[in-house]
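You will see chain A twice below: alongside chain B first, and alongside chain C after that.
Let's turn to the complex of A and B:
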């Protein structure tokens, strides 16, 4: 097993913290007085600073310290949270990401510029123009309290492996001493003899008497990294008599008035964190590549199981058959469990669009509200990763081309605020993600004019509304009169469509002039293993994804002869085009006497595939086509059968499109 | 009276002066422990000579405290060749080891015979 790179671990943790902070900041824009959200953002910044410092990202820690300070002032009510401050911290956060990715880069100028903006937004005097890599505040020597704050007795013992894991107990003590007047006493009672000492273990505990005006939360914040595993007791002390206040630090132990164990209070802090997506202790972080490795192994197991089933099926040994059935059941369960492991909520993808929309609103001057629905819908992690860029483009497109400027919306009787709704829902083996806006809708006249001008269609060519709308997915097509930074470069929608189709998905568009547009992406839940229908065409075996199969029919010789030349079959009063795969694949073999037709569909469109034999269902481990075959459009991949032979997996989307073209040609021919 | 003479006299054995390396942080904690353990096994009376420019952290303080418990439990003696200074003193201050120090601790770390 390979050991984890601590820097990479920090980067992963930082990415989650950035997401948490960003979510908090964007939530805050909805209610600038929400104290829980302000606390959550502060906590995120505090953790980032501490973690950064621990892992040697000093520039990040120093820079984040200023953002944390700004939010600390908000937290304490010294300055109000404002949209300007949130925007400044969002900008600063982008810079923090750069400090994480390239800690040794030249960031000084950007740091100073952003901190100046932050100070202006936070209403701070610009006392420090050059603050990059400024050391974190050093511990102040304990001195008698002049603040008249609350007294706490803090007794703590860190996990025995704390030092080995990078926690610096002295740093925690320094932070506690920064909170106010403090005396510290080390407890050496459990230090073992030298021969029994594991030298990196920690056996020292501490007791502190602290007088602070910063409250209990500030104490908890110090232990934020180690709270879960440590022993911590915080006891509120009776307020010292005014005359004795100066001697508080040297006083004998004051009487406890309330004792609260840290573990009892921890849920309060954790509940706030959980609201903002923080990971709970029971989660295990696993590198994505290990999941991929496991998936590959499961795939190989499924193939081996398939071979075993085939052998058992041809054997008279009932014991072998029983074992084979057990293995088949177990491998199926293992596959299902594996699939669940790879599933991640689509909310992790949606989260980033809140920031995108916030930035787009600033850039365009439009007033935009983003709504998200179905964030808990789960999709294979690979699907999530590949969908990110297409969705960014679609959201940009909605904002740039769809939503009107506020005055135009008001003039047309709409609300000033334009809405973009991003939603996800599961439907069978697919997830449907839609991007909907209430903007001006697609301008059909402009689409037609552009398509005619670029030769995509003939002048005056008859097109259905759907065909016209689908033109926007053609390469090089853009109706934007003005190219902007957001979209309109004509390089987006065709790439979006290709990406979706590469995921074996379908893209669909609906648009109503003046009311808005809706683009739907139908994507399979997983890309790794699918249930397939194994068929024979000529001497070759092929797999049709079972999720696309509607029904199977027998194509009698009479029906075949009758339909020749038209390749249509009447299915419950609907004409369905069909493709003879034997001819399409040029097998050179005569048709089977009892040919079968497998009717497949994508959305509302159907097509029949004529095959020689339907063999049965098949757990299909998808293997990518080689680079030599990347331009083969009829097949989306290949799989290995139980007998070791290879079967090609049919690209349903492509075949349906071919069938629809065939139908269109025949209709055009009358 | 120096600590050296003190311990030599009290234990009646020749003290082994162990000159420690400058790096006394957690990264070298294993090696530091081994050095002191070996010296104690060899002589039983050990003077720890901490260089002026030593970089010590909490792990070193804990090792020294463990060594003090070792000699109490197994016999022998351990002392500092010089009163604590530099990073050792800083760590003692930051770590709260100076608060309510016993006379014994005062003697060990600062060679002072009277409690503060």
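Let's turn to the complex of A and C:
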């Protein structure tokens, strides 16, 4: 076992916390008064601060502390949550990420700038600014305190095991003393008799009367690391001086609230912790490569199992058959379980775009609403990871090129708010992800002009609308008149297309001028195992992905002969072009007497594949083809059959394209 | 292909050492040698699966311990005639680095001889003229008795095989 680097552990934890905080903040934008979300964000910041200082990320802890303080005011209802505040905290959060990744970098200036912004957004009173500014010399100059001394009665009792956990009650008392003048009384009522006394246990409670010019927050800060487990009551005492009377009456209202809040916080905090704890217990974090290793083993097992099935099938031994059937069932289940292990909801991917859109909206000054649909659709983790970058690019494109600025939208009779809809749904063995906007749509003239200028097409060349739209996926193509920070550098759409194709997916674009564009990606659910239909062509075995198979039919000799000149048949009043795989693969063998046709489809397009024999369905572990065979586009991969032989997996997309070309060719000819 | 690059290829394969440990095998009467460190395994002939549409040089794939690897025929690269498989025929599985990534390839051979050491002193860069083969396909020639052993430059051979005209 390798020992874990604690710093790395913290970074992993921090990354999760950042995600949690970010999600919370973005949720908050939808409902600024949602107390549960505010609490969640606060909790995230709080944990981050605690862990940060534990692992020696002092700069992070100090900075986070101030963000937390600002957010605490929101949590307690002292200031309302605003979009500005959320934006400020989001910026601050990015800074925290920097602090985590380069703890020794020079971040002071950025820290101060962000804190100033944060304080402005949180509308913090100057007294608070003093506290905030203290550890950061360059920050806003400390303003003199406006509030006079205030009295608090603080009663607290730490859990019995507090000292064992490293809490030093004396330290807490010292800190409280630093806030102002105080009298401390110890509550010894629960101290057991000497024979029952465990010296490491803490049985003492304290009651303090504190006169301080700091606010309630300063007191909470003292207890911040122990607050979750302790009993704490803070009550405001009657004003000690008439000078503060006005202050007190103003404070009278929040005081009881604060008290209630403190009390209410404890169980809530515990509940949240319990929830958090339960979640951790349910989830096990496993390095991806171990999962891949397991996947490989399961793959081998599936292969070995099919060999066993074949052996058993040709044997008369009923016991062997029974065992073989058991193994078949078990390995099938194991495979399915394994697949589920690798599946993660698309929501985890979509989550990132909320932040992106939020930032884009601020950058471009456009009003954008991001809608997501089908977050629960599950896709293989590898697929998700590889899709992230292309999707970022597509969303950026939609916002940057697609959506119009608000006034332009209003002028063209649209709602001021531009909408970007990100949706995912499963369709057979594929997941379809669409990015749709209601912007101006692709400007055909601009695309054409640009393509002509860069020599992609001849001036005046006739193109179908779809062909014209597909031009944007050409390398070096960008329609943005001006290169912006976001997109328009002409590196992207071609990369997007390549990535999608590398995932054996298809990218489609539809666009209506003035109404918006829709880009859809059809991606196979997994890259590892598929259900396939095993067929024989000549002497070779091939696998057709079952998800693409629509139906199998017999190609009668008459049909075969009649269709010599025009490779398509009529299937329920639809013309379906077909390919004779025997000819395509140049097997050089005579056709079987009873040839079969497998009708495959991708979306609306169908193609028949004429094969010699249909052997049956086959669980296929996809092995990628070697680099040396990357020029062979007809096959997406290979698999190992039960007898140890290799069968090639047909690339359905490519075959359909070939079939469609053939059909178009025939139509043009006749 | 100039003297300079030939020299470079020659130096590259010897890498400052005086001896090279190689596996020798024969193809159509010529003796070839592949650095032993690159050889993964020597296999009896396995059923090959033809890949329709692939270049004739790497026309098929085999199942090598659960992995699908291409089978290459060096004869194609050296313009030799195809011969029937014999009882001595073997597949030598080698690991190559193509485009910076490791890649396993099976090489068909007529007969595998031995693992041996070739001295640098007997090595010569391929002559620029007077050879049927492309000089950049050969790292170096090593004299052995009256004959010589060819150390092919597999990286170059595998990355320059032109696609089939029809593809």
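Heads up, the rule we're going with is that the second predicted complex is superposed on the first by the 421 of 670 C-alpha atoms of A that agree within 3 Å, B and C clash if a C-alpha of one lies under 4 Å from a C-alpha of the other, contacts with A are read in each partner's own complex, and residues count from 1 in each chain.
Everything that follows uses one rule, which is that a contact is a pair of C-beta atoms (placed from the backbone, for glycine too) under 8 Å apart; a residue touches a chain by one contact, two chains touch by 3 or more.
What you are looking at is a predicted structure, and each value in this text was computed from that prediction instead of being measured.
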Review point. Which holds for A:629: it touches chain B only (first), chain C only (second), both, or neither?
Key: second
Check your understanding: Between chain B (first) and chain C (second), which does A:169 come into contact with in this model arrangement: first, second, both, or neither?
Key -> first
Review point. Touch check for A:36: first (chain B), second (chain C), both, or neither?
Key: neither
Exercise for review: Go through the superposed model and pick first if A:202 touches only chain B, second if only chain C, both, or neither.
Suggested key: first
Check your understanding: Taking the superposition as given, does A:367 touch the first partner, chain B, the second, chain C, both, or neither?
Key -> neither
Practice item. Check the residue A:194 against both partner chains and state whether it touches chain B (first), chain C (second), both, or neither. Key: first
Review point. Which of the two partners, first being chain B and second being chain C, lies in contact with A:540: first, second, both, or neither?
Key: second
Check your understanding: A:184 contacts which: chain B (first), chain C (second), both, neither?
Key -> first
Study note, to complete from the structure: Residue set of chain C touching chain A in the complex reads 47, 49-55, 58, 61-63, 66-70, 72, 98-99, 101, 103-105, 158, 161, 163, 167
Study note, to complete from the structure: Within their complex, chain A touches chain C through residues 299-300, 303, 540-541, 584-587, 623-629, 631-635, 638-640, 644-648
Check your understanding: Which part of chain A faces chain B closely enough to touch in the complex?
Key -> 139, 163-164, 168-170, 173-174, 183-186, 188, 191-197, 199-200, 202-204, 206, 208
Revision key, fill the gap. Note: in the complex, chain B contacts chain A through residues 26, 29-30, 32-33, 36-37, 40, 57-59, 62-63, 65-67, 69-70, 73-74, 91, 94-97, 99-100
